[in-house]
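Chain IDs A, B, C and D follow the sequence of writing; residue 1 opens each chain.
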């Protein structure tokens, strides 16, 4: 069980930000969404660009509170969750 | 057989130059001295600092015409032969 | 500050001078500059835009520098990464590592670049004659970072 | 000139700028500066005198740079080595390697330093509170150069 009404800030970067047409949003975690992996699947279920960009076969990285996070990381109220393509700096 | 009266220029560097008290000399190769190794042994036979500095157990490097040379390298008339300790640049 | 993200260009001499200030035990200064090429993946590139994730960028770079300090005896290390719009031949990133010995400075420099390439949240968008495109990550960069991990077979 | 021996100090920014001039295909600039420490082998060092073998020095450095070009795809490489009298914190040697890719630039830089340390005819004499002494060569430098040779077990 997650706490009722857990809210996270979602941030999108680079190709994902452009393809999804959104830079950030505040989301009350839906029932059944307690981890980064579950959140990604829930977002993909929005359909359209969300489905194609967040498809399980696409390389997508997520970070929670500025740290890279695996798919099993649990989410807490107030987390900043970022979704982005593999990095290409340097 | 080496050519009669082959002459080489001998150069000494760093610790060897100081210990032997000589910077360079011109040498008519003595009979039986045809390689860098034979030359080193002949120089060591001068005794004193020559014997101790060029002893077979001391690390000594030789170069012929600006290229590092093994003990078996043959000497020719006009060669510039350098004798020095292991290098310590950089 | 051992890590900086900035739009302005940098000068390697000035950065090394500041890093070395007051230290007489430094024997080795290894450095790396990443530069914008005018060609990538088969196309001319006329402009590059670097986007990043403020907050996470600094944190991840600091973690990479901290990890380098844990692996080698470094007197100091610096990462400067530019963001914004760049043109061919512009400097993009600078890494400097100071140590008493060259092996450690050079290894730390390579390590920081390998991890920066795979962990720090920067993204490049290129302008080419065919239009704009996001740069794809390279498998060779993952492999380069992987060689520092325990259990890597190489 | 890709190799220089000089008494004057050098500036890494100016050297890199000159080396990169007119090139827009450079993606990676790896560099190394060897610096005089105020401490070596258990003693304070107040002064360093660098002797070399004019003629052979330039030839051996050029051979090392040529060998680096044979091993990696470099756009250019530079070695500047100072001789004469130096004081703590003075710069002694600079190596720069330019390539399209960071792995090759960094490897070439390490290779050139390793070979320079074992093949180029420079000798250091230190002044310490106990008097003057010639620096002894280090077995670790031979080992470092050995890793580039065929058949090395590492």
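Points to keep in mind about this one:
As a working rule, contacts are C-beta pairs under 8 Å (C-beta built on N, C-alpha and C of every residue); 3 or more make two chains touch, one makes a residue touch a chain.
Fair warning: this is a prediction, and the values are worked out from it, not measured in the lab.
Apart from chain D, which is left out here, the chains connect through touching into these groups: A, C | B. A separation of 73 Å divides the Cα centre of chain A from that of chain B.
Note: centroid distance chain B to chain C, computed from Cα atoms, is 49 Å. Inter-chain spacing, taken between the CA centroids of chain C and chain D, is 23 Å. With centres defined as mean CA coordinates, chain D is found 27 Å away from chain B.
In chain C, the residues touching two or more other chains are 34, 102, 113. Those residues of chain B in touch with two or more other chains are numbered 90. Viewed as a contact network, the protein chains form an open path, each link joining two chains that touch.
Checking each pair of chains for touch leaves A-C, B-D, C-D. Interface of chain D with chain C (complex): residues 11-14, 16, 20, 23-39, 88-89, 100, 102-103, 105-106, 109-110, 113, 144.
Note for the complex: chain A touches chain C at residues 11, 13-15, 59, 63, 66-68, 82, 84-90. For chain C in complex with chain A, the touching residues are 34, 50-53, 55-56, 59-60, 81, 92-93, 113, 116-125, 134-137.
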